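Next up: some structures, all given as C-alpha cells.
Two complexes come next, and they have one chain in common, chain A, joined by chain B in the first and chain C in the second.
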Partner chain A sequence: MSSDVLVSVRGLEVHFPVRGEGIRKKGAGVLRAVDGVDLDILRGETLGLVGESGCGKSTLGNAVLRLIPSTGGSVHFAGTDVTSVGGKGLRELRRRAGMVFQDPFASLDPRRTVAQTVSEPLEVHGLRSGRRERAARVGELLELVGLDPAVAGRYPHEFSGGQRQRVGIARALAGEPDFLVCDEAIASLDVSVQAQVLNLLRRLQKQLGLTLLFISHDLSAVRHISDRIAVMYLGRIVEIGPASAVGSDPQMPYTQALLSAVPLPHPALERERKRIVLRGDVPSPSAVPSGCRFRTRCPYVFEPCDDVDPALQPAGAAGQQAACHLHGVVGTPVERTPEGVTAEP
Partner chain B sequence: MTGAPVPEPGGSPDTPAGAPGTSPVASLKPARPRWRETLGLLARNPTAAVASVVLLLIVVVAVFDDTFAPEGANEISVTDRLQSPSWAHPFGTDDLGRDILSRVILGASVSLKVGFLAVGFALVAGTMIGLLAGYYGKWVDDVLMRFMDMLFAFPAVLLAIAVLAVRGPGSGNTALAIGIVYTPIFARVTRASVLGVREEVYVRASRSVGASDWRILTRHILPNAAPPIIVQTSISLAFAVLAEAALSFLGLGTQPPNPSWGLMLAEGRGYIELAWWLAFFPGMAIFLTVLCFNLLGDGLRDALDPRQRTLMAGGGK
Partner chain C sequence: MGARSGAPRGSEPASAVTAGTAPVLEVEDLRVRLRTPRGPADVVNGLSYTVGPGETVAVVGESGSGKSVSVLALLGLLPARVATVTGRAVLQGEDLLTMKPERLRQVRGPGAGMVFQDPMTSLNPVLTVGRQLVEGIRAHGDVSKEAARSRAADLLGEVGLPDPKGALDRYPHELSGGMRQRVVIAIALSNSPALLIADEATTALDVTVQAQIIDLIENLQADRGTGVIWITHDLGVVAGIADRVLVMYGGRCVEDGTVDDVLERPAHPYTRGLLGALPDLARPAVDGVVPDLATVPGTPPAPTDLPEGCVFWPRCPVRGDARCEHEQPPLVQIQGLDRHFGPSGLPHRAATWCTEPTSDTGLPASGTGSTALGGDR
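== the complex of A and B ==
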C-alpha cells in the first residue's frame, strides 16, 4: 500500500492570523483555512478535490507543494518531507511536482514570450543545455499540449484563455514532473474550452503517467476526470472514495447536498431531481463550530454531533470513507466552553 | 454522465487551428520586442515626440560640444566684453569677453553629465533598495525604508550641502550629492511597484517551477515593476539638472571658470540690468532641458500604461 502512495498528507494545518480592527491588532484569532487534513494520493491516480469556494481546497493544494507555508502536520512527496526540505531537495521537488493555476490571464508573465515562460523550468533545472536544445524542447512541449510551435515567440496577450491555459500546462510539464496540482484549472474558461482542457489533462495523465490532484468546485467535471474524489468542507476532508461511489452514492449529508445541485442532462430525470437545499451559510473558518463542523447546516443533526468531532470511517462502497456520525459515532470528543464553541472569538 | 466533455476525435485531439505539422523548433526570441511597441506609442504622442527629438539634439550637442562650440570656454577677449547678441556672438559675450553660446554648449555637457550621473546613482541604489524592501518585506523592509525615510526627512539642499562640505565641491561630488538625495524617491517608487507585482500569480507560478529569488526578482518582478521607475527617471533628470544649477548657483557645484548653466546664471546675476543675455541664455537652456524631460516623462507614463497599450495597440488605426 505505502509503496503506491506518492503524496502523503498527515494532519496538515494552514492557519492564518486574523488581524483585529483598530489599534490592538494582535491576538484577534486564527483563520483555519486547512484544519487537520489526512490524505493519500496514489501514484498514477487522479484525485479530485471538491468543495465550496472558501473551504480551503486551493490552500491545501498550495500547501502540498509548499507554495504556502503550512502551520502544522506534514506532507511527504515520494518519501521526502515537503514541509522541511530545503536547497537541492526543494528544487528537485519543484521539478517533480508542478502546478496549473486557475486564471491563465494572471499566471503567465505578460512581459515574457510563451517560449521564455515554457523554457523557464528547463533553465532553472538545467534540463537542456544550450539555446537550440531548449528551443527544440519548448517546441515539443507546445505540440504536446496542442499548440503550434510557431507561436513560441508570441506574448500571452495574443492568446485566448484556452490557449493560455495550454501554455500554463506546458510550463508545468517542462520539468517532466510526476505530480501535477490543477488548482481550478478550468474554472475561468468558457464551457466549450473547459471540455477541451479537461480532455487534454486526461490524455496527458495517461500518456505521461502523471499523478493529478484536480481541484475544482465543479463536481461533474471532477467526476469526469477523477479516479477518486475527496470532498472538503471548512478546512477538512469530510468524504473520500472512488469517483463512482462518491459521485453516485455519497455517504456524507454535505456531499449529498452538493450532488443534488448538479443538473441532470435528461429532461425526465431532471424533473425528478430533488434538491437538498442547505440552511444558512458556511460558518467562518475563523470560528469553526464545535463537534462536527457541518452540524450547523446538516439536516440530520443529532446528539453526538455537538460534542464529538467525527473522524473519517468506512461507509458505503469499498474504499469509501465519510466523516459522519450517521455511520457510527467515531471521533474525538470536544472540550466545551460554556458558550458551546471551542473556537476563539 | 453529466457535463461530459465533447469526445476526442482521433489523431491530434485538441489541437486548435494552426499548423501542427510545422517544425517543432521554436524560436526563443520574441516576435516584437516590448520597447519597440513603447516607442511606437510614444511617437503617436506629438508633445512627447517633439520633447524626445529636442532632448536628443541637446544630448548630441553635449556629447560633441567641442565640435559645436565656436570658441573655447575660457577664451577671454578684453575688447569684446559684454557684447549684446550679434552675428559674431549669437548669444552675446560676458564680462570677460567669453562667447556665451560656446559656454552654453560646453556647459550642457557638464550639466547633463552631472544629471545623468546623479540619476544613474539614485536609480541603481534606489531600485535595488526598493526591490529588496518590497520583495522580502518584514524586517528588511523596515530597516531599509526607515533609513530612506531618514534621508527623505532631510531638506534636500541641506543634505547636498552636507555631502559637498565633507567631500568638497566639484562636478563629481555634486552628482553624488544629488544622487543620494534622490535615492529614497527611487526606493519608494520601486517598492510600491514591487509590492503590487510580488502578489501576481505568475510570480507564484515561477516559484512553483523552482525559480530562485534572484531569478524571480530580475526576470519577473523588475521588468513588470519598471514602468513607474522609467517615468521617475525621466522626471528626476529634470530635477537633477535643476539641482545642479541650484548648487552651482550657490557656489557648491561646478567651480569657475568651468562652464555650467547654474554657475553662468549666478555669474550673470550681477549684470542682469546691464546685459540680460548673460543670465537669459543659460536660463533658457535649463528651462528647455527640464521641460523636455518632464514632457518625455509624461509621455512615457502614458505609453507604459497597460490600459493605454491595449487601447492603442489593440484598436490601432
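== the complex of A and C ==
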C-alpha cells in the first residue's frame, strides 16, 4: 500500500439478509448493497462518489467508517484494519474520521445547544481539558465554518438549514479528523445555500488538508468539488478517474447516460443535446443480473456481457478506469455502436 | 421506457408559443395571504402571467418563494380558513377564483390536472392504481366502470408503464418511484386537461428517471397541445423544457421572459445570483482549477416579515440606488441595453432598480450599476 493512500478498500461487501414475501417463502434472499468494491482514497484529495438512489453509495460510506458492519472484504484507514479494530483503536478511528450527514434537521439533537453538540467530541476524545478551553475551541470551530461564535448557546431550531449544516460540519471537525465522509451533505439545501456549503467544504479541505469522500447524486456538484470521481451502479464501482475526465469524457455507458441526463442551465445547449434515455429501472440489488450488472439497460450490450462480470480496467486517454467489456476483456478497445456491437476490435 | 423514449429532447421547436390563440390560463394580480400564528404572511404578492396552448411556463424559486402556494391557490386547494386569495385567474374563459366549489370540482379534471412532487404521498397507498384512475375518469364523465377501466389501461400504456393491464391491480408500493410518478401523470391526464401543473414533479427522482418523465410530458404536450406550468427550483430542468420563465422571490415575480433571455441574459441580481450559485458541468475548470461558486449572502425573507422597498435589497450585491430600501420596483420591460434585449423581441421584464450589463460569466459585473430600466409596457 502506497503511503499516499489514506483509505484502502478491498473487495468490500455489505450484504443484508432479505425476508421472503408471504409465509411460504423462507428468507433466502440476499440484498447486495455493496458488492465487491475496490477503492483507494488518496491523502488530501476529494473523491466524489456518485450514483442513483439505491446504488449503495451511502452504505459504502457508512461501511468505510464502520457505522454499519461489512460482510466481506477489508477497509484500511491509515494502515489500521477498520473492520476488525476495537477498543482504543476504534475510538481513535472515530476521532480521525468524521461524518457530515444529509439532513441537518435530523442529525442535530434538538434539545442540545450548538455548544453542547460541538463540544461533545472534545470531551469524548479528551482533546481539551476544562470547560473554558472547550468553550474557546467551540468558538474557534464555529468561526471556522463561518458562524458567529456568539450563537453557541442557541438550539438547532433557531437556525436555517444552511446554518445547521455548518454546525454539523463543525461537529465533524471537532476531533481534528484527517478524513470526512459527506453523505449527501447538500441535498436538502436550496441552490444559493448549497453553493455556500460547497465553497465552505472546499475551503476547509484546502485549509486543513482534509481528505474528503463526497457522496452525492448530483453530478454537477460532485464535478465541482472533486479531484476524482467514482461512479457506482448496483453496489459496484463502474468507473473511476480524474474529475475532469469522468465529467467530460466518460468511458462507461452508464456514466455516459447519467451525464447526458444531467440538465444544464443553458437553453441553447439543451436543445442541441442528445440525451441517452436508459431503458427501464435499476434492477433490484437482491437480484443482480449475471455478467455485467448494467447489461439489462445498456445500449451497447453484446456477447460477453451476459456471462463475464467485467473488472475495472484502464479506459480512455485521461487515466480513468471503467468496468466495461467495450474496453476489451484484455484491454483492447472495441468499436462502439449502440445496439449492434461486434466483438472484433 | 416505451417507444418514444429514444426521441431526442427538444426536437419540437418551441413554436406553439401563444401564436395568436387564446391563452389557456390568464393570471392577473394574484395575491395570497395566509393567517399564521406569527401574523399574516403575504406569500404571493401580485403575480400576473399567461399560459398559451402547448406552451410551458416555468416558475422558478427557492423554498418559501411562494411558487407552490401560487398554483395551489389557482385550483382552490388552500384551506379557506387560513388563506385569502385575491386577483383573477381565468382558465378557458372562467375565473377560477370566484367559481363555486362544485364548478371548481368539475373544472379540475378536464380543465387542469396537477402532478405533485412526491408520488409516494400523492397516491393513496391502500387503493390499487386502477381504482385511483377510474375514480378520476368517472368523476368527470358518464362512463361505465368497464369503459373507465379500459381507458385507465390505455392511459398507463401511454405514460409508458410496462404491462398496463396488470398494473391496474397493483398497489403504489409495488411500483418504483419513476413508475409511481407515471401513474400520477396518467391520473392528471385522464380527463385531457387543457392545463397541466407540475409542482416539482421530478425533484424526488433520479436524473435518468427525470429524463424519462420530462420526455414523456413533452411528448404528451406535443400530441395534445396542453399548456404546462412547471414549478421547480432546478434551473437545469428549466433550460430544457420551458418556453418562458418566471423567477419568484419573496412572493413576487422578479423577472420573466423567454427561457433564453432569462437564463442567458439575466437582468435581476437575484436571477444572476441563482445562476452563479449553480455548479455547472458545462463550465468546467479554468487551468485545472474550478472557480468557487458565487453565493447569494444571507437567507430569503420570511413572508411574515417582507422588507420594505425591493424584496431582494437586503441580500442584493449591487444595491445602491436610493430607492432600493423604500420603493418597490415595478416589473417592467428592460430597455436601453442591447444585450438585454433578447433576439426574440419577446417581453423580458425585471423588477429591480439596479440592472447592468451581464458579464460573459453570467455574473454581475463589479460595481453598482446605473439603472437601465425605462418606460413601461
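The rule we apply is simple: the second predicted complex is superposed on the first by the 319 of 345 C-alpha atoms of A that agree within 3 Å, B and C clash if a C-alpha of one lies under 4 Å from a C-alpha of the other, contacts with A are read in each partner's own complex, and residues count from 1 in each chain.
The rule we apply is simple: contacts are C-beta pairs under 8 Å (C-beta built on N, C-alpha and C of every residue); 3 or more make two chains touch, one makes a residue touch a chain.
Computed from a predicted structure; not experimentally measured.
Touch check for A:S248: first (chain B), second (chain C), both, or neither?
Second partner only.
Determine, under the contact definition given at the top, whether A:R223 touches first (chain B), second (chain C), both, or neither.
both
On chain A, which partner's contacts cover more residues, chain B's or chain C's?
Looking at chain A, the partner in contact with more of its residues is B.
Now for A:G162: first (chain B), second (chain C), both, or neither, which partner does it touch?
So A:G162 meets both chain B and chain C here.
Have a look at where A:E120 lands relative to chain B and chain C in the superposition and call it first, second, both or neither.
Only chain B is touched by A:E120; chain C is not.
What is the contact status of A:G280 with respect to chain B (first) and chain C (second): first, second, both, or neither?
Only chain C; A:G280 stays clear of chain B.
According to the stated criteria, A:L264 is in contact with first (chain B), second (chain C), both, or neither; which is it?
Both partners, chain B and chain C.
Under the stated touch criterion, which partner chain does A:Q196 make contact with: chain B (first), chain C (second), both, or neither?
both
Take the contacts of chain A with chain B and those with chain C, and give the residues found in both.
Touching chain B in the first complex and chain C in the second, residues 162, 192, 194-196, 198-199, 218, 220-221, 223-224, 262-265 of chain A appear in both lists.
Going by the contact rule set out above, which residues of chain C touch chain A in the complex?
Residues of chain C touching chain A: 1, 5-6, 8-10, 62-63, 162, 176-179, 206-212, 215, 233-240, 242, 259-260, 263-264, 273-282, 284-285, 288, 290, 292-296, 299-300.
If you look only at chain A, which of its residues touch chain C in the complex?
My answer: residues 52-53, 160, 162, 190-196, 198-199, 202, 217-221, 223-225, 244, 247-248, 257-275, 277-281.
Touching residues of chain A toward chain B in the complex: what are they?
Within the complex, chain A touches chain B at residues 65, 67, 90-91, 94-95, 98-99, 101-103, 106-113, 115-116, 119-121, 124-125, 131-132, 134-136, 138-140, 142-143, 146-155, 157, 162-163, 168, 171-172, 174-175, 192, 194-200, 203, 218, 220-221, 223-224, 262-265.
Given the complex with chain A, which residues does chain B contribute to the contact?
1-6, 8, 12-16, 18-20, 22-31, 34, 200-202, 204-212, 215, 219-220, 223-224, 306, 310
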